[in-house]
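After this come two complexes, each holding chain A, first together with chain B and then together with chain C.
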Partner chain A sequence: MRNRRDRFIALLMLMPTFILLGIFVYFFLGKTIYYSTTDWGENPAQPALSETVIRQNVGLENYQNLMTDVIQAMFRNSLTNMFFFFVFFVIGSIGLGLLLTLILDQKIVGEAFFRTIFLSPMALSFVVTGTIWRWLLQPDGGLNYLPTVFGLEPFHFNWLNSQEVWLQFTWDKVPLYLTFVGFALFALLAVRRALRQDWRSLGFIVSLAVIVILIFISGLWNYIWLPLDVVQVESSIAPKGFNAALVGIIIAAIWQMSGYVMAILTAGLRGIPEDLREAAQVDGCSSLRVYTHIILPQLRPFVISTIIILGHISLKVFDLVFAMSGPDNARTVMPGILVYTKGFRQNSFAQASAIATIVLLLVVIIIVPYLYMQLRDHD
Partner chain B sequence: MKRRLILFLMILVLVDGVAAQQSGVLEIFSWWAGDEGPALEALIALYNRHYPGVEIINATVTGGAGVNFRAVLKTRMLGGNPPDSFQVHAGQELIGTWVIANRMQDLTWLYEEEGWFDVFPQALIDQLSYAGGIYAVPVNIHRAGVMWYIPAHLDSWGISLPTSLDEFYAVCTRLQSLGIIPLVLGEAWTVIHLWDQVALSVLGADGYEALWQGDLSPSGSEMIAVWDTFGRVLDCTNINQNAAGLSWQQATDLLVAGDAAFNVMGDWVAGYLSTTLRLSPGEDYGWADFPGTADIFTWLSDTFGLPVGAPNEAAAIAWLRLLGSLEGQNTFNPLKGSIPARADAVSAAPELYNVYLQYTAGEWASARLIGSMMHGVVANERFIGDFNQVLDIYIQSRSSTGAAAAMEAVCIQAGACGF
Partner chain C sequence: MTDIDFPGTKFRQYTLRTALHVALIVGTIIFLLPIFVVVNTSLKAPAAINLATTWHLPAEIHWQSYVEAIEEFGPRIWNSITLVTNATLLSAIIGSLNGYVLSKWRIYGERILFPLILLGMFIPYQGVLIPLFEFMRAARLYGGIPGLIIIHTIYGLPITTLIFRNFYVDIPDEMLEAAAIDGAGFWDIYTQIVLPLSVSGFVVVIIWQFTQIWNEFLFAVTMTTGASEPITVGLAQLAGGEAVHWNLPMAGAVIAALPPLIVYLILSRYFIRGLLAGSGH
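So, the complex of A and B:
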């Protein structure tokens, strides 16, 4: 009896959250996905902002256009930008954050002071960070003049407007790259399972790998990653690689978030029992080996959590880029910015919804395995 | 407890209702703040003198090259919460977004009452009209595509003002050999702004109008010639260096500093040079038509309309009457650095306007009037947004046929250029 009453009260207490989340998150999420399958804003006969606008279902046409239409080259460019931003921002923040953590772990003088200093950029919003760094990164501004303080020549790098492209790749070969990556990942897992003599998992992984190869050979990829029609223009406007103009934005983002990584990793470090270290030292470990064999493996769950958190921040990035290079810089454009400009400037609400949905899917791809892992660990 | 609460709420509703009756609130929604704020504030002060009972909410949203303003306005309109009156550019930005969506009220009766048919030029009224109705009141005229320069700098470099594209290319070569940017560009929209002038220069006023009315194919040979020329002009700019990071003010600063020779920009540059940098028009800085566009006036106009469902219609109509009046236009424009849309306003009070504005008012009365694409007169918002992409295709590929084909695709998708 008492138990039922408790559960009723618990449900009652959770209800407001359920209702608010249901309406303001899931309902509108559903609406966005629905709009992405309509022609809202695509049909000139139906004014997008009319109260009585008729939205016809067009299936996945908006998605197909985004992936293949010449006019949507900006979107494909933004996907590429997002990918490189994700990779370098996450690696940079965690690398720097880990370094700061390990330095502060050396019991240096004024540790609390430095910890506060490193953490303080996190207190700023991305807009403030973006504005400050935009000034610092002007061609004639702060960072380029830094070397002159030491009597050296100033840099001449165009941080936010460089037209250079590094790490070049071919857009239409992305399925091939992805297949290779997937295959390598499965091979790694398979070897680990084999070493542990876990034959059932090994069979599962091998069959997954075979499926990946089959998908590639059968050409199924072409339904997911639509190839561009190679005409003379297309090949020159397909995304080519890492736009050097992103470097400045990545620096600003790392500056802001590495302190946060440091905070999480420091908390993790404090959680490692002191006797583990001592035991290792008693066994004759050098301090380097204490780090590589005791500390870093213990920090792994914290690192994975930060990868997830930073990862989804980087996929949704909007304010930082908007503040640093504005809404129309083709070299630094991000999907989030396109959602804004396409939706609200040019009334292409359906296309904007489709881009938002694609970003959502990518975030889901990152978050779901993490949640799965977390839940499994709890059980 | 409960009864007291209900009583309290009743009093609140009562007080609120009485207050609304007595004074009324008028919400004016615009992107005029900062440099442009004083002009709007002067207008609001004038309104308050005439209608002291009305409380004005001056709602502004700035930043993001106009996109922030539009985001807030569109969210409010879609949500059924329109302001009493909002700023919008004359032409397709008004018609193509709001009028065809049945969001604006017909103001023809107001034009008749106020006698505005006689004072606003027909070319302007045409761009406020749709299917027999007139939907907004223009408060000012800006001229786009003026070529700005510093006369003293041109003298010291030994170059004269180019009046044809061939002369411009010659000047360009000479300036580049001196290490000076011949034509300075800023962020993306200033590139579209330049494209407008190049297209006008190549097609002529008739050809340019034909393009937007659907009488000239966007992918035809004339347009390919436009892109070819645009490419040559781009080679005279800083597009591959620092352009994307410069606001139009920063681009103008390069002009003043002597790092660049010309800037093709709207006449808000005159306000910036005169008011902010304290240079005198005609002496410290000069202006000319872009080569090949003599006697063509590329215009844009800020207008205000009356949205369907405006909460305080009576006050909003009084606001519109003031905007269109001689007094309103002559209060606003000298401060804004634009000319009045009324043809009779400058002659009524010439002492209010400086050399540049008097010159422009003369041109407004005599030159061929052509609506600006970049500022939403001849093409709708959808087109302009996607035209960014067409420009990027051209900059990346340098293919005129490719860009022309892409432009046609955008025209069809956006229902612009007569499609």
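So, the complex of A and C:
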């Protein structure tokens, strides 16, 4: 089995995949990054779809425009939309998925039936889910009229067309919020170190926290952040926030994906050795303590991988939003949709490439460490 | 499985367990409401559909919407069938060979190459869309199903390779060594030992690829046009216009959902294995 000829055949059999993925994944990603530094589709003298189009290098101009140009507000809206979608979709799916996992672990009669039901939306296309929920979320019918079945008053929430904006913020406050988040993280770490009486790393963390505070007090943040024109303009005229129109889309996404979380966490639960649970119970652990001290810690790696999988799905989200509120809806637009509208509707290939590159970068940041950890654990 | 040993008497325990079951049943009903609404609306006559009566049952069953939806889809149903059959089989066969090589043959640089293959599964496809569009146009494959078959075959290779590799790792090496000593070569081992043991691996991969490709939308909407579109694009159009008669998109949604849903319901055990493989477990 180790003779030279067979090993050569083995290598040869793998070659088509290497070459195809090399071209269709890595070469194409590289090309997208390259296009993002050109004026392809921005230069009126060069028809974008002409086979002899000349693309001129413009450096990082496309990125600068996306971040600062007033007419590119749609892109910055898509980033805030994606952020809120990410946060609430991940929290909601994991919350519901974990709840289902723990409930179905209680020797439920008809367990297999319930599992089949809750996982079934995973077999549907996001386009199907989107079409269904779009009908359910019509303002004068659907879910809003569910209470009328019981003789109650209907709701009047305008779901996908809502103009409400919650959790409003302006760009100039972002450094402040980031400082708060950073400080809260440091405080959490510091408390944990103190509880473990790890004084040396506690000192390290505290000094880091002091540096963060000093940076903020010194106004360095504002020096980095505020000179951007857009920060000043959009802070005064167009506060950003959590668009209420996203709520329906988040609900539909949770409906579709919580069964997936349940499936992964259940696999994790089944991996916990039965004697571990029994030993804890014999030792007099109350059942609540069995959960908080044994089951949940054992599930932690599985929860982390679902956060990463769902998180990277929300960075790429396209079809669900497309089917629910259309590709041109400013209240629900996502970066993944802008790549489509800018590239395939408006032929602004360079800008579409820049947005695609930003999405790619975000996905790589969360997926590469994950893959690294997964592969390391398996070997 | 652990029982929550609720404090108190057996009676209290019994009540709590009953309450748990009742809560679960209520939750399931809420979870299934969207399904009820789709089927319900798809069976109403267009004139009988108005927003305020979403939850009323149809006065009489109206099957006509399904006929109309199928007519509206036209060639798109067959397009999806052609696409799914070809791309699923191609990516499964190549994935099986890859998995065999990666699990049973030592390949130089495998520790770097395997993660690079896997990463192809997670990249945002928006990141390859524009060069892909260019390539498809240059290769005269843009706009049709053959091009889409190639696309789905290639981008399906990471997951099919991963599933087969993990599947073949469990085949004992001694078995293959013994065959090799008897003079079996690369292909003999594959066709006589590995392939006959791969049936459930193929079932997992085929089900996974089938549902993924059938349900896919991004490549479908950017790389095909008009009569060459698959069913998901047809459904988006059916539901996309303003002031649509909702019976039609609802019937369309049922038709588009049925094939993967039936496969899932019959073979959910294998579907879950594909699902877990895709998340690295």
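Methods note: the second predicted complex is superposed on the first by the 297 of 379 C-alpha atoms of A that agree within 3 Å, B and C clash if a C-alpha of one lies under 4 Å from a C-alpha of the other, contacts with A are read in each partner's own complex, and residues count from 1 in each chain.
Just so we're on the same page, contacts are C-beta pairs under 8 Å (C-beta built on N, C-alpha and C of every residue); 3 or more make two chains touch, one makes a residue touch a chain.
If you're wondering where the values come from, they're calculated on a predicted model, not measured in any experiment.
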item	value
First, second, both or neither for A:P47, with chain B first and chain C second	first
Which of chain B and chain C A:F180 touches, first, second, both or neither	neither
Which of chain B and chain C A:Q346 touches, first, second, both or neither	first
Of chain C and chain B, partner touching more chain A residues	C
Touching partner for A:N161 - first (chain B), second (chain C), both, neither	first
Which of chain B and chain C A:Q138 touches, first, second, both or neither	both
Touching partner for A:V25 - first (chain B), second (chain C), both, neither	second
Touched partner set for A:I108, first chain B, second chain C, both or neither	second
Contacts of A:L375 with chain B and chain C, given as first, second, both or neither	second
Touching partner for A:G326 - first (chain B), second (chain C), both, neither	both
Contact residues common to both interfaces of chain A (with chain B and with chain C)	138, 322, 326, 340, 343-344
Chain A-touching residues of chain C, taken from the complex the two chains share	1-6, 17, 20-21, 23-24, 28, 31-35, 37-38, 41, 50-55, 94, 97-98, 101-102, 104-108, 113-120, 122-133, 135, 151, 154-155, 157-158, 161, 176-177, 179-180, 184-187, 189, 211, 214-218, 221-222, 232, 235-236, 239-240, 246, 249-250, 252-253, 256-257, 260-261, 263-265, 268, 271-272, 275-276, 279-281
Residues on chain A engaged by chain C in the complex (per definition of touch)	1-3, 5-7, 9-11, 13-14, 16-18, 20-21, 24-29, 31-32, 35, 103-109, 114, 116-120, 122-128, 131-136, 138, 140-142, 145-146, 148-149, 255, 260, 263-264, 267-268, 277, 281, 286-288, 290, 295, 302, 305-306, 309, 312, 315-316, 318-319, 322-323, 326, 335-336, 339-340, 343-344, 349, 352-353, 355-357, 359-360, 363, 367-368, 370-372, 374-375
Chain A partner contacts - residues on chain B that touch it in the complex	64-67, 70-71, 74-75, 77-78, 97-98, 100-103, 187-189, 240-245, 381-386, 388-390, 392-393, 396-397, 399, 401-403, 405-406, 409-410, 413-415, 419
List of chain A residues in touch with chain B within their complex	41-42, 44-45, 47-53, 69-74, 138-139, 158, 160-161, 163, 231-233, 236-237, 245, 322, 325-331, 340-348
